[in-house]
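Note that chain A is present in both complexes that follow, paired respectively with chain B and with chain C.
Right after this comes the complex of A and B.
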């Protein structure tokens, strides 16, 4: 399972939307994620991948794709260490 | 009122009221464990500022809404320090919605972080205070007793916190642990900016008899007093820090 698939599963579960509608272009608003959903998704992703996503970084995410790219880069960093 | 050599855990002390409390206690010689959840940079800045006051600081990340994370945090404190003198249960979160839009998720998230965390942290803290006594102070808000727009879940969680404070105060009294809470009106913090933006809070300087908004240091001063031996006989109380707003409500209603 790719990082993107795992993040999509987490976001779909928290927002209770069908994961097929979540594309890299989807904004949190489009998938009806409120601020609590976003925080819970961040926490779940952090625990799944053993990373930390500061709010300062999360606030820059414009869409699902930005979120995935950030997680991918952090996971890659962790693997190097 | 020196608290020299004591050790305090201040939850949510990266920013706002928690940061002000951490710095106030540090200025009185208390070593501080800075807990944060979402803002590591702020927490590390708080720790630096604490150290510049000549005491020790330790930064630890934990979501106090998660019992397992509370356990991990206290395991660390237990292993590293083996004691705790002061617990400040300050970390808070909340979902601002009208009553009809509150779902189970919003309720649980808010109650877990704002109310249950005090219970779980106090249980673990009490063990670390065994044989030495201690102080537990939490942070409430006027929303526990007055209705604010879209504040239901937070208000209810703070009412639970205040009730819990009374029970803790009585049941922990034999262990020489003093438990109290400080309830503030709107305090000028980052969190308040969010509430302003969402239209949940208005600038209340006009309705504050003291003539200005409450600042984090106002709350920190009272918390530090409650942590001192001078406050030994204050137990299970909710001390209101609001510049007179709540007692002036009727007088202000006509304005």
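Right after this comes the complex of A and C.
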């Protein structure tokens, strides 16, 4: 399972939307995620991948794709270490 | 679950307009009944000082649990999860999750308590977000309303879980066998209301609950429904308006009787002795707030302005909710809907 699939599963579970509608272009607003959904998703992703996502980075996420790209880059960094 | 026959309540001692002083006094009042174990969660040094001011007859039933953080009024409740996982309300929630306590009580920010409970205690299967359920009491003793303020914006499927929670409440606490469920809207027709309400109508119609359709504001008190379902924005506005009616009605009647002094005096006496304003349309005084339904554990939310007697009532009510097994009942009702794929 790719990082993107795992993040999509987490977001779909928390927001209770069908994961097929979550594309890399989807904004959190489009998938009807409120601020609590977003924070819960961040915490779940942090726990799943053993990473920490600083608030200043999280605030830059414009859509699901930005979120996934950030997690992918952090996971790659962790693997190198 | 229960220790020495006592239900254990973790109290967020730092939350509330009069915290921690009135919270501690309320805990001491509740502890005098000697059938509850209370954990006051917050800044230990402050709580111990407050506790020292109170005359404890059975000191062993109150314990102080230290918390390194407190949620301040101007802080975002969502930050609880990431920035302050060791604040008083979060620690209290974790105590219930770990089995150290049977119930959580907070008079602090409802949102912070709800978010802590969601994150650290978890939700019952099939529930997206918790809701506040409460009885309307005096004018409509067989009617409960849900949500009373936990969810300002709701997705359609949430209305269905609200209806299930309200039905469990009506069965457990009002002894109504087959509660009539209605959706609060701007008209009785299926086509009335917001998009979410209209979608919720068809979910409720096919739910298997005793759904009687939409009701309007004028039907709230007439008994057409035992469970009135609405979003938390509407529910909270109605609740606060409802709670204020008693006091204003009394003032209005006394003013109207200005020309009839003997009658006025009699009415004043009646209101003071038999029908105090707070008892006319304010049941939360008696129960000390509402239960947050949908969390995997008992979470009691008290009014922010609660003083010691209301806190003691809220502790008592949390204890009763644990005894009544409200969470287990909700789980078993929701399981039927989960099996049918309706949630």
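Keep this in mind: the second predicted complex is superposed on the first by the 81 of 81 C-alpha atoms of A that agree within 3 Å, B and C clash if a C-alpha of one lies under 4 Å from a C-alpha of the other, contacts with A are read in each partner's own complex, and residues count from 1 in each chain.
In the analysis below, contacts are C-beta pairs under 8 Å (C-beta built on N, C-alpha and C of every residue); 3 or more make two chains touch, one makes a residue touch a chain.
Keep in mind that what you see is a predicted model, and the values were worked out from it rather than measured.
Taking chain A as the common reference, can chain B and chain C both be placed on it without clashing, or not? Answer clash or fit.
Superposition check on chain A flags a clash between chain B and chain C.
If we overlay the two complexes on their shared chain A, which of chain B and chain C does A:1 touch? Say first, second, both or neither.
neither
Let me test your reading of the model: by the given contact rule, A:32 touches which partner, first (chain B), second (chain C), both or neither?
second
Using the touch definition from the top, say if A:43 reaches chain B (first), chain C (second), both or neither.
Both partners, chain B and chain C.
Could you say whether A:56 touches chain B, chain C, both of them, or neither, answering first, second, both or neither?
first
Determine, for the stretches 171-179, 207-215 or 243-251 of chain B, which one clashes with chain C when the structures are superposed.
In the superposed model, chain B runs into chain C at 171-179.
Counting contacts the way the document defines them, which residues of chain A are shared by the two interfaces, the one with chain B and the one with chain C?
Common to the two interfaces on chain A: residues 34-36, 39-40, 43, 55.
For a test of understanding, state which residues of chain B touch chain A in their complex under the given definition.
38-41, 61, 63, 95, 105-106, 109
Residue numbers of chain A touching chain B in their complex, please.
Touching chain B from chain A are residues 34-36, 39-40, 43, 52, 54-56.
Which stretch or stretches of chain C touch chain A in the complex?
76, 78, 81-82, 115, 118-119, 128, 153, 155, 157
Mind pulling up the chain A residues that touch chain C in the complex?
16, 32, 34-36, 39-40, 42-43, 55
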